[in-house]
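Take a look at the following structure, please.
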Amino acid sequence: MDKVSHALLEFREMDELAVMDSPIHRLHPLAKLLTAVLYIALVVSVPKYALSRLMIFVLYPAVLFTLSGIRPGLCFYKLRIVLPLVCAVGLFNPLLDKAPLFYLGRTAVSGGTVSMLTLMLKGVLALTVSFLLVATTSMDALCAALRKLHVPSFMVTLLLLTYRYISLLMEQVSVMSEAYALRAPGQKGIHISAWGSFLGQLFLRSMDRAGELYASMQLRGFRGEFPHAAVTPWQGRDTLFVLGAAGALILFRCVDMAVALGGLFT
Amino acid sequence: MHMADALLSPTAAAVMYAASGLTAGASVHTLRKEEDDTKMLPVMAVSAALVFAGQMINYTIPGTGSSGHLCGGMLLSAILGPQAGFLSMIVILAIQCLFFADGGLLALGANVWNMAFYGCFVGYYLIWRPIMRSGRFTPRTRIVLASMLGCILTLQLGAFSVVLETTLSGITELPLGAFAALMQPIHLAIGAVEGLITSAVLLFLCQARPELLRDLDAREGSGRFSLKTTVAVLAVLALVVGGGLSLAASSNPDGLEWALFGNRESGYSENMALDEDDFGVTSAAADKAAAIQETTSFLPDYAFAGSDSAAGTSVSGIVGSAMVAGAAVLICAAGGFFRRKKRAGN
Amino acid sequence: MIELKNISFSYESGREVLRDVSFTLADGECVGLIGANGAGKSTLMRIMLGLLTPSRGEALIDGVKVEKKSLPEIRRRLGFVLQDSDNQMFMPTVWEDLLFAPLNYGLSREAAERRAMDALETLGITELKDRYNHKISGGEKRMAAIAVVLAMEPSAILMDEPTTALDPLNRRTVIRAVNALPQTRLIAAHDLDMILDCCSRVILLSGGHIAADGPAEVILRDKALLEANRMELPFSLAGRS
């Protein structure tokens, strides 16, 4: 039952991070979203044996962490969810792809090992930049960026409303789980006899809440669309950021900087 | 079943985004035409928030010591309808991706397709509605049957999609057949448990407030998809999928065993071990597989790679990489130093 | 001004909830609506807001009859503070909730922001401006909900259990805020001490009809009447009847 309380804490933590102040926080949400998507697309497009080419991409999140004032450690805790599947898939590579790619001294490093490492690094890098996006951008700013990308307002309104009520419902689940646990001390989860009523009761209450919510919205003039949140207008620094970041990232993708750097010393 | 960004090529991600995006757009369009579309918004939002929270509940499976969890696609579409259920699932998956790093940003389109599309559309039109309107059995039996079959089928489809998307992205060395052989059975069990949970909740709602469930009192035979059509479609699907799988597996006669212990000289670069020249397998299937090989080998590798062939790593590369890593650590440390200074200053 | 004329209401099942309810609230009056659970207090308020349609009778807000075509007008004039503030504060932040109604009414952004700021300043809660709704406490949410209603600039305000689940300090703050409002106020509550503190007049609903309508000081001292309706004397009056 701890899972829900942990999730609640994690959720709130992301909120706290998003309202901090830093040069990155102050950037336009669309600028951050576009560069994040570009970064992830470039990273996943790196060929599977090009591990050194991938390494240079580490610099981008490193710089963002520093400029935004967010601790990298917070991000790595989140890796626990997505990395297992990536590793599970990648782990087969060294077993299936055994041909040596190059030699480190006298040790052969197989293609499969390299592709596994590449896969894992891609997983980490992509997640890190996603994390930085959400940690430096509030939900309403993110939704404003989505509106600019012509995502239907129905979807954006739905996203905002759901976001508002998620912590409330998580709390309700947490409280109900606690109450259940106190009356079923030997059990770890919900017994099959209560599967239906546990979530079912919450569903019924939620339907009632939805009805109240709708009445409340109607009473304040709701006609289908939420009024748009005001976003800080696009500024010169946003253009600078997008062009600079995009330029650097495309350069990283085209030129193997690590090999070039290493070549100076070997 | 949430996929990370690393498991997809940009092309595959884009294709899945397009598919999911079009479906979402069509769903919004359908919903807005309904009379009480504004009323659906708070219902969808609250349901999405609840299912999100509900996914974290541990449902203890008696006698096994393990627990099951809810995904929610079938549940939402049985209550909200397929379009509203689909959009609610999108929001759930988006929030999981953004706030909990459960699934990648680029992979969101694929995750929506794998987990929401099948559950909400295939599950509703092919399973839930035909069974609920079939007029056979009691309502309670219909609910259990529809939930079980729906969850099992949609999770199988979702898991297979993961296999297909990952393989076509050229991420793994695992042959398609082997990968599927790993994923499908696991998700069969997961689907069965989800079916049980979904049935339990829907049975409770049927008793407490039956008007919440869709098609509960619909007449027999109404709607385009009847039970007979469903069975026919499923049979065809099973043949196609089963046939396709066995084709992929049979080109590699010894399957996974061979893949694990097999031929050292051949070398597995980006191929899927279906190289007819090395193993003398000449067949239509091998030709097909070779065609797939070619596609997969150029998909992840854009026009950027001017200089390198497949091998981009070398000793220089390692030295350079180590230096870059060191630089990154220094940058982060500098950030930490300034953060501490700022805190001391405040 | 709020006028109710012979309001009756039954559910589809046939159960009669309200029977021939009539009263008038003058401008600026603060009236308490009391009664046992199920007496019909919430139903009455929903009829006034046009959320429910009476089977007989009519309600008039500032002379405008409550009916389908007048609902937008009615809802501008009548503010409603819900019992569950979580259902009232549905935007991500307090500020966005404050702006919601004014923007929906077609006001410019500047005008809407001015109203929102005025509402916050009236209640002395400007620090809540940029706070997230899912993070503020119950008391803060209740005060923010009242501010949200004030930003609508209604001529009358209905309140459903405004002091429920509030700690004594928050409760005192709400009472002070309610007392300072110039609008016509109708407050449904079980907190009889608050009713005594805020309201000059009390309407007692019993089994769907009005059992008493008079000065608060008189009705809230009538022990027999209160006990017959599953209530007790306010704590501040207990032992002094």
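Letters A, B and C mark the chains as written, and numbering starts fresh at 1 in each.
Going forward, contacts are C-beta pairs under 8 Å (C-beta built on N, C-alpha and C of every residue); 3 or more make two chains touch, one makes a residue touch a chain.
Bear in mind the structure is a predicted one, so any value in this text is a computation, not a measurement.
Engineer: Name the chain whose C-alpha centroid is most distant from the C-alpha centroid of chain A.
Structural biologist: Of all the other chains, the one whose centre lies farthest from chain A is C.
Engineer: Name the chain with the Cα centroid closest to the overall protein Cα centroid.
Structural biologist: A
Engineer: Which integer distance in Å separates the CA centroid of chain A from that of chain C?
Structural biologist: 43
Engineer: Just how far, in Å, is the C-alpha centre of chain C from the one of chain B?
Structural biologist: Going by mean C-alpha positions, chain B sits 49 Å from chain C.
Engineer: Compute the distance, rounded to whole Å, between the mean C-alpha positions of chain A and chain B.
Structural biologist: 18
Engineer: Could you say which residues in chain C touch two or more other chains, in rising order?
Structural biologist: 90
Engineer: By the touch rule stated above, which residues of chain A touch at least two different other chains?
Structural biologist: 161, 163-166, 168, 209, 213, 217, 222-223
Engineer: Mind pulling the chain B residues that touch 2 or more other chains?
Structural biologist: If we look for residues of chain B contacting two or more partner chains, we find 42.
Engineer: Over in the complex, which chain B residues touch chain A? Could you list them?
Structural biologist: Spelled out, the residues of chain B in touch with chain A are 2-10, 13, 24-25, 28, 31-32, 37-39, 41-50, 52-54, 56-62, 67, 70, 79, 87-88, 90-92, 94-95, 97-106, 166, 170-174, 196-197, 200-205, 208-209, 212, 259-260, 264, 267-270, 273, 300-302, 304-308, 310-325, 327-329, 331-332, 334-336, 338-339, 342.
Engineer: Taking the touch rule as given, give the residues of chain A at its contact with chain C in the complex, in rising order.
Structural biologist: Per the stated touch rule, the residues are 12, 15, 139-140, 160-161, 163-168, 209, 212-213, 215-223, 226-227, 229-230.
Engineer: Once bound in the complex, which stretches of chain C touch chain A?
Structural biologist: Residue positions touching the partner: 46, 49, 51, 72, 75-76, 80, 82, 84, 86-88, 90-93, 96, 99-101, 103-105, 109, 132-135, 148, 152.
Engineer: Under the touch definition given earlier, write down the residues of chain A that touch chain B in their complex.
Structural biologist: 1, 3-4, 7, 10-11, 14, 36-37, 40-41, 43-53, 55-56, 58-59, 62-63, 65-67, 69, 71-72, 78-79, 81-83, 85-86, 89-90, 92-93, 95-99, 101-102, 104, 111-112, 114-115, 119-120, 122-123, 126-127, 130-131, 133-134, 142, 152, 154-155, 157-159, 161-166, 168-170, 172-173, 177, 187-192, 195-204, 206-207, 209-211, 213-214, 217, 222-224, 253-254, 256-263, 265-266
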